[in-house]
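Each structure below is given as C-alpha cells.
Shared between the two complexes below is chain A, which pairs with chain B and chain C, respectively.
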Partner chain A sequence: MGAYLLRRLLLAIPTIAIVYTVAFLLVHATPGGPWDNAEKPLAPQVIENIRIKYHLNDPLWKQYLLYLNDALHGSLGPSYVNTARDVSEIIADFFPVSIQLGAVAMLFAVVVGIPLGTLAAVYRNTPVDYAAIGVVVTGISIPNYVMATILVTTLAVWLHWLPTGGWGGVWDIRILIPTVAIGFRPATTLARYLRTSLLEVLGQDYIRTARAKGLAGRKIIVRHALRNALVPIATISGILVADVITGSFFVETITRVPGIGRYFVTATTGRDYPVLLALALLFGVIIITMNILVDLSYAALDPQVRYS
Partner chain B sequence: MVRAAPTPFDRGGGVLSPHIRKEDSTLPEDRIRFPWDEYYRRGLISRRQFVKLTALLGGAAAAAPTILSEPEPAAAALAPADKQILRYPNVEPLHFDPATMESRPEILVGMALFDPLLTFDETGKAVPVAASSWDVSKDGLTYTFHLRSGMQWSDGHPVTASDYEYAWKRVVDPDVASDYASAFYPIKGALDYNKGKTKDKNTIAIKAVDAQTLRVDLTEPAAYFPRLVSTWNYLPVPRWQVEKFGKKWVDAGNHVGNGMFMLQKWDHDREMVIVANPKYWGTKPTLQRVVFTITDDTFRTSLPAFENNELDLTDQIQPGDIDRVRKDATLSKQLHKYRWSGTAMMFCDTTNPASPLSKAKVRQAFYLAIDHKRIASEVLRGIYDPAPTITPPGTMGYLSTPPLTGGVERARALLAEAGYPDGKGFPEMKFAWPKLVTYDLVAQAMQQMLRDTLKVNITLQRMERKEFNAAFNSWAKQPYTAYMDRWGSDFEDPANWANILFDSDQDFFHTRWKNAQYDSLVRKGSAELDPAKRRQMYESAEKILNTELPAIPIYHLGVIIAVKPRVQGFRLPPAAAAWYGTFGRVKIQAG
Partner chain C sequence: MRDSALAGVGAPARASHERRRYHRALARFKRHKMAVVGAVFLALVILVAAAAPTLTPYRFDRQDLLATYSPPSARHWAGTDSLGRDVLSRLMYGARVSMSVGVMTLLLVLAIGVPMGVTAGYFGGTFDLLLMRLVDVIYAIPYLLLVVLLQTFFTAFLPTVRAGPLVWLHALNRNTNGIAAIVMALSLIGWLDVARIVRGQVLALRHREFVQGARSLGAADAHIMVAHLLPNIAAPIIVMATLLIPNFIIAEAGLSFLGLGVQPPLPSWGTMIAEGIDSIESYPRLVIAPALILAATLLSLNFVGDGLRDALDPVMER
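Take a look at the complex of A and B:
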C-alpha cells in the first residue's frame, strides 16, 4: 500500500510538469496579453516600462524558466492585473471559500442523492421510482446557473426569505442558495449511478441468500447491497468533488460568493498570466489527489481490490 | 457649454465647507428655486413633469446646480448619525493608490479618500478644494497652488505641498510603471524622467516652495492643466506610509488619506467600508459610512439585491431588465438617468485602399443611413442617448446640431457618388467589436439598417475583449476596415477628446485621418487661455471632424440606476474626475 502510494505520487510529478508546460503555452498563445489595453491611450514609454518591469521583453523560454524557478521556491509572484496583491494571497483568499462551499454542497449531494438512488432502486418501476427519476432528469437538464437564478428570484426577490447573495462562511444562512445550486446536479448524478449499481447488486445471488435466511429488508439493503453498490459511486464521487471544490463561475457570480471558480474566469478574461498558471497547477494537483484517493477507497470498499 | 436640465435629485449640499462659498462669491447662494419645486416635493407633479417644466421654462441659464449650492432637503427629517449608511454595489477595486488607479471601482472610492487641489462643478467652473487658490503666470507656463493651512491626513500628519510634490513625481517614476504617467507629460522634465533619460527627480519641474505653496512649470501653455489637476492621478499620497509598507500601504489599516472619508475595512471580494474622516478640514459629511458590497458582476447581481433591500442603489440597469423595471410599480419610481460623458463610435481606417470606408462619402452615407434615434430608443431601450455628433454634451466643442444632414435620401446619393449606386459593387467589409451586450445589439441593428437603406452588406466580427485589444493594437500599423468602441471622458475638456483622439499626431483610435486645419485648430485650442476663443476653435474643429467622419458617432453614454427614496443628494457625475464629492453629497432620510 505504502509503495503503491509512493509510486503514484512520483508519477504525479511528470503529470504536473506537463500541466504547467501546456498551461504556459496555452496562456501565452491566447490572443491578447495582460496589458493589451484599448480603453485608454498608453504612451509608448509607459508600455515599455511595464514590459521591462514584468520581464515581458524576455524570450518565452526565459519567462517559462523564470516562473518555474519562482514557483519551485514557493513564490507565485504578483498578479499582473492587480499588482498590489500576490498570487498566493489571492488563492489563499478565494480557494478556502470554494473548498468550504464545495464540501457543504457535496454533503448536500450525498444526503439527497444516496437516499434518492436507493429508493428508486428498491421501489423499482413504482411511482416512487418514477418520481425519483423525474428529480434526476430535472437535475441533469437544469444547468446550475439557471438553478441559482431561480432560487435567488423566488427565495430572495419574491419571498424575501433569504439574502440574494454574499458569503459569511459555512454557518451563514447565505450559503443555502449556492449549496443547493451547486449540489443539486451532483446529487442527481449520484442517485442515477447508485440506482443502476444497486439494481445490479440486488439481482445477485448473495442477496437472495440473505433474503432466504430471513434477514430484514432494510438490513439487506443497508448492510449488504449498498456497500457493494458504492464502488462505482466512489469513482464518480472523486470527479464530482474535484469539480465542486474548484468552484462554479456562474453560481459564484450570481450569488456573490468570492470563490475560485469566479476568479479563474476573471483571470482568464484579464489574461492574468501568473494567476492562470497558478490555478492550472492547483487544479492539476486537486484532480491528481482525488484520483489517488478514489483508487485508495476501492481497497476500503471492495475486498477484492488489493494494492501491493 | 450645454448641460442636462437639473433634476430634484441634484440636491445634496455641504460637500465643501461654507468658507469656500465665501471665497468664491461668484457662485449663486442657492440653486434657483422654481415655483413648481414645491409641487414636486408635495407629490402633486411627477418627476418627469418637474424636469419638463424646468427644461421648458427654466432654460439652461437658470439650471445651475453646483456641488456647492444645493438646497437642504425640505420636508423629510434625516436619519440619526448611526443610520447614515449607504449600501453601494461595487466590483473589487485594485487598490487606492492614486498613481496606478485606473478604473471606476477604485476612482469612485479613491476620490472620496483623497482631496485633489481643485475640482470642477457641473457648469465647468473650477472650485478650490485642498488649494484655496492658484495663479497662472502670464505666459501660461507656471502654475502656483496655494494650499489651505491646517489640513491633516487621517493619521494626524499635516498636509503639505511636498505631499503633492512627492505623489506627482512618483507617478512619473518608471519603476512605478503607471499607465497614467502621460497625464504628467505637460510638466517640464516629466517625459524625460519617465523615459529614464535622467535619474534625477529634481529635473521634474514640480516644486514645493514652502509647506503651503506648490509650483509647477509646463513645457507649453495648457489651458486644460487645471482639469488634469482635478483628476485622481494628481491626488497626494502619504509618503511615510508608502515608504514604510511598500505596495502594502494600500491595505486597510495602512491606508492614510486626506479626503472626506477614510478606508476602514476591506475584506477582499466581499465587503469594504469607508467612514467619515474625523480629521477632515472641511465640513463633515452627513453620511457616516459607505458599505460596498463587492461582486464581480454588479450588472447582474445588484438589481436583485436592491429589490431584496440589501443595497440602496443598483449599478447600470441592463437592456434585458429595463422593460420589466419600467413596468414595476415601485422600481419605476426609483429610476434615475444620468448623462455619462462619452460616445460610442464606428471607427474607420481612412487610408486602407481595400476598404470602401476610406472614401469620406461612404462614411457620410453610413452616418446618414443609421437611424440614431431608433438605436437609442428601441435597440438600447433608452438607456443611452442618440449621438448626432462626436464630442459629447458638456465638453467644449460639442455641437447641438450636426453639420451633415439630409437623411436616407442623401445617404443613397452619397453612396452613388462614391461609385456604389444602390449598393452595387460594394466590396465585402468587416465590422469588428469587443463583446459587450450593448455593442452586440447595436452592431446587429446597424447591419440591418445599412442593408435596408443602402443595400450594402457588412460582415460582423464579434471578439473577446482581450482578443479585440490585441487586434486593435496591431491596427496601429496594419490596415483594417472598421470597428466599434467608445471613449469616456476622464475629465470634461476637449483636451481629453479632440487632442488625444483625433489629432493626427496622436490618433489614438488608429483612423489615420489627417486634416491640417483640424490639427492646427485643436493644437491652438489646447493652449488658448481665453475660454471664448478656445470654444470657437474647438467648435470649428468639431465641424470638420463631423463632416469628414473618421469615426461615425452612434450613441452617447449614460447610466440608468435605481436609488432608494431615502437616499438624498446622490447623483453620478458625468466624468471620472468629477466623482470627487459623490458620497459627501448623500444624506439618508429617516424612516
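Take a look at the complex of A and C:
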C-alpha cells in the first residue's frame, strides 16, 4: 500500500505541474488588467510602477519560477484589484463558505442520488424506473444556473417560502436553494451510474445465492448488492467535485452567497488575473487530490488494483 | 458492423439493405414518444433560429425607453425588458446564438477529434500515448474553468490584434459579436472528448475480421480507416454528436451569463438570465422565460440523443 501511495503521489506531480503551466501561460498571455480603462487611462508612469510591483517587466521564465516559489511557500501574490491583500488571504476569507456549501451540496447529491439509482435498478423497466430516468435526464440537461433561477423564481419570488438569496451558514434556511441547485446534477449523475452498476451486480451469481438462501429482498440489496455496486461508482467522485466547483461560480452569484465561486466570477469580469491563476491552481489541486483519495480507497477495497 | 462484411456484395442488394435498416431505425426512434416530442420542439427552435431576422417583430437591440418593463401585450407578446427591448425578439435571437454556437462548435470538434481519434486508435504507439496523457491532464481541470480561462484570454487578446496573420480572426469575432471566440474556446478543449470516444470505438474494431480481411487484401491504412472503420463508427458518432451539442449550448449560455460570452447588444439566453437576475423579485418573467426555453431546448436535445442511440445502436447498453 505504501509503494502504491508513493507511486500515485509521484504521478500527481507532473499533472499539477502541467495544470500550473497551462494556467500560468494563459493568464500571462492575456493582455492588460483592471487598470486598462478606456475612459480614464492611467498615467504611463503609474502603469510602469504597477508593472514593476507585479514583476511584469521580468522575463516570463523568471515570473514563472518566482510565482511557483511563492506558491510553495503559501503566498499567491497580491491581487490586482484588492491591492493591499495577498490572494491566499482572499482565498482564506471566501473559501470556507464554499467548502460548507459544497459539502452540503455533495451530501444532498449522495442522499438523493443513491436511493434514486437503487430504486431505478431494483424496479427496472417499471414506472418507478421511468420516473427515475426522467429525473436523471432532467438533471443532466438542465444547467445549474437555470436550476437556480427556476428555484429562486418559484420558491422565493412566487411562493415566498424562502429568501431569494444570502448566506447564514450551514443551518440557515438560505442554504437550501443553492444546495439543490448545485447538488441536483451530481445527484442525477450518481443515480445514473449507480443504476447501471447495480443492474450488473444484481445479475451476479452471489446475489442469486443470497436469494436462494432465503434472505429478505431488502437485505440482499443493501448488504450485498449496493455495497459492491458502490465501489466502481467511487471513480466518478472527481466528476462530481468538478461539477460542484463550477456550479458554485453560477449558483453563488445568483443566490448571493459570499463564496470563492462568486469571487472567481468577479475576478474574471474585473480582470483580476492573479486571482484567476490562483483559483485555477486551487481547483486543479482539489480535483487531483480527490482523484488520489478515490484511487487509494479503491486500492484499499480491491487488492487487485495495487498489483496491476 | 455486419454491413462491411457485405461490402463485396452487389450494390442493389446493399441499397435495399440500407433502406430496410433505415426504416427499422426510424421505427425504433418513433417508439420513443419523448424523442419525437423533442425532435418537433427542436425543429421549431432551429426554424426560429434560422429565420430570426425576418420573423422577429422588432430588432433585438431596438430600445424603447418610454416602455420599459412593460407586461406582455398585443404589441409585445412577451413584454419588454429594462431598456424597453422586445423580449420575444431577443428570445428568438437567443435561439440563433445557441444553435449557431452548438452546431459550429460541433463541426469543429468533429473535424479535429475524429481524425485524431481514428489515427490514435488505429496506429496506437507514441501518438496514442501522448493523446491519452493530454486527455488525462485536461480532465483534471474542470471543463468550464478551462473554458472561462481560454475565453478570458480570447476576449482580451483578440481586440489587440491589429495586424498580422490573425487579424481576420479579430474581424470575424467582432462581426459575430464574440461568437467566434466562444466557438474557439469550446472546441479547443472539446475535440479531446471526441478523440477519446472515437479512439475507443476504433480500438474495439481494429482487430475484427473485416479489418484484418481488408488488410490481408492489401488495403492501405488510410483506405481501411476511411472506408471500413469510419462507416462502422458513424452511428456512435452521431449519437455522441447530439449529446455533445447541449454541453456546448450550456457552456455558451454560462459564459454569456458571466459576461464572457456573446457581446451585447446581441442577446444570448445566458445574457438574458444574467440581465434579469437583478430585477428577479419584481419581474421574474424576464429570467424565467429564457431559463425555461433553454431548459426545454437542452431536454429536447437529450431526448433526441437517447432516441437516436436506441434507434441506431440497439445493442448499446443504456
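Just so we're on the same page, the second predicted complex is superposed on the first by the 285 of 308 C-alpha atoms of A that agree within 3 Å, B and C clash if a C-alpha of one lies under 4 Å from a C-alpha of the other, contacts with A are read in each partner's own complex, and residues count from 1 in each chain.
In this section, contacts are C-beta pairs under 8 Å (C-beta built on N, C-alpha and C of every residue); 3 or more make two chains touch, one makes a residue touch a chain.
These numbers come from a predicted model, not from an experiment.
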Handout entry: Fit or clash - chain C, chain B, common chain A
Key = clash
Exercise for the section: Considering only the touch criterion stated at the top, classify A:T266 as touching first (chain B), second (chain C), both, or neither. Expected result: first
Practice task
Answer with first, second, both or neither: which of chain B and chain C does A:V231 touch in the superposed model?
Solution key: neither
Exercise for the section: Tell me which partner A:A84 touches in the superposition: chain B (first), chain C (second), both or neither. Expected result: first
Exercise for the section: Classify the contacts of A:W167 with the two partner chains as first (chain B alone), second (chain C alone), both, or neither. Expected result: first
Exercise for the section: Kindly classify A:L282 by the partners it touches after superposition: chain B alone (first), chain C alone (second), both, or neither? Expected result: neither
Practice task
Name the contact category of A:V146: first (chain B only), second (chain C only), both, or neither.
Solution key: second
Practice task
Would you sort A:I50 into first (chain B), second (chain C), both or neither based on which partner it touches?
Solution key: first
Handout entry: First, second, both or neither for A:V157, with chain B first and chain C second
Key = both
Problem - chain B versus chain C as contact partner of A:F94, first or second or both or neither - result: first
Practice task
Give the stretch of chain C that clashes with chain B in the superposition, choosing among 95-103, 239-247, 275-283 or 293-301.
Solution key: 275-283
Completion exercise
Going through chain A, the residues touched by chain B and also by chain C turn out to be 30-32, 152-153, 156-157, 164, 253-254, 269, 271
Fill in the blank from the handout: chain A residues touching chain C in their complex are 15, 18-19, 22-23, 26-27, 29-32, 137-138, 140-143, 145-146, 149-150, 152-153, 156-158, 164, 196, 238, 242-243, 245-246, 249-250, 253-254, 265, 268-269, 271, 276, 280, 283-284, 287-288, 291
Handout entry: Complex contact set, residues of chain B against chain A
Key = 94-95, 97, 100, 102, 174-175, 177-179, 181-182, 185, 191, 194-195, 247-248, 250, 268-270, 293-297, 300-301, 304-305, 307-310, 434, 464-473, 485, 490, 500, 506, 508
Exercise for the section: State the interface residues of chain C toward chain A in the complex, per the touch definition above. Expected result: 136-137, 139-145, 148-150, 152-153, 156-157, 160, 246, 250, 253-254, 257-260, 270, 273, 277, 280-281, 284, 287-288, 291-292, 294-295, 298-299, 301-303, 306, 317-318
Handout entry: chain A residues within the chain B interface of the complex
Key = 30-33, 36-38, 40-43, 45-46, 49-50, 52-53, 81-85, 93-94, 152-153, 156-157, 160, 163-167, 253-254, 256, 258, 262-263, 266, 269-271
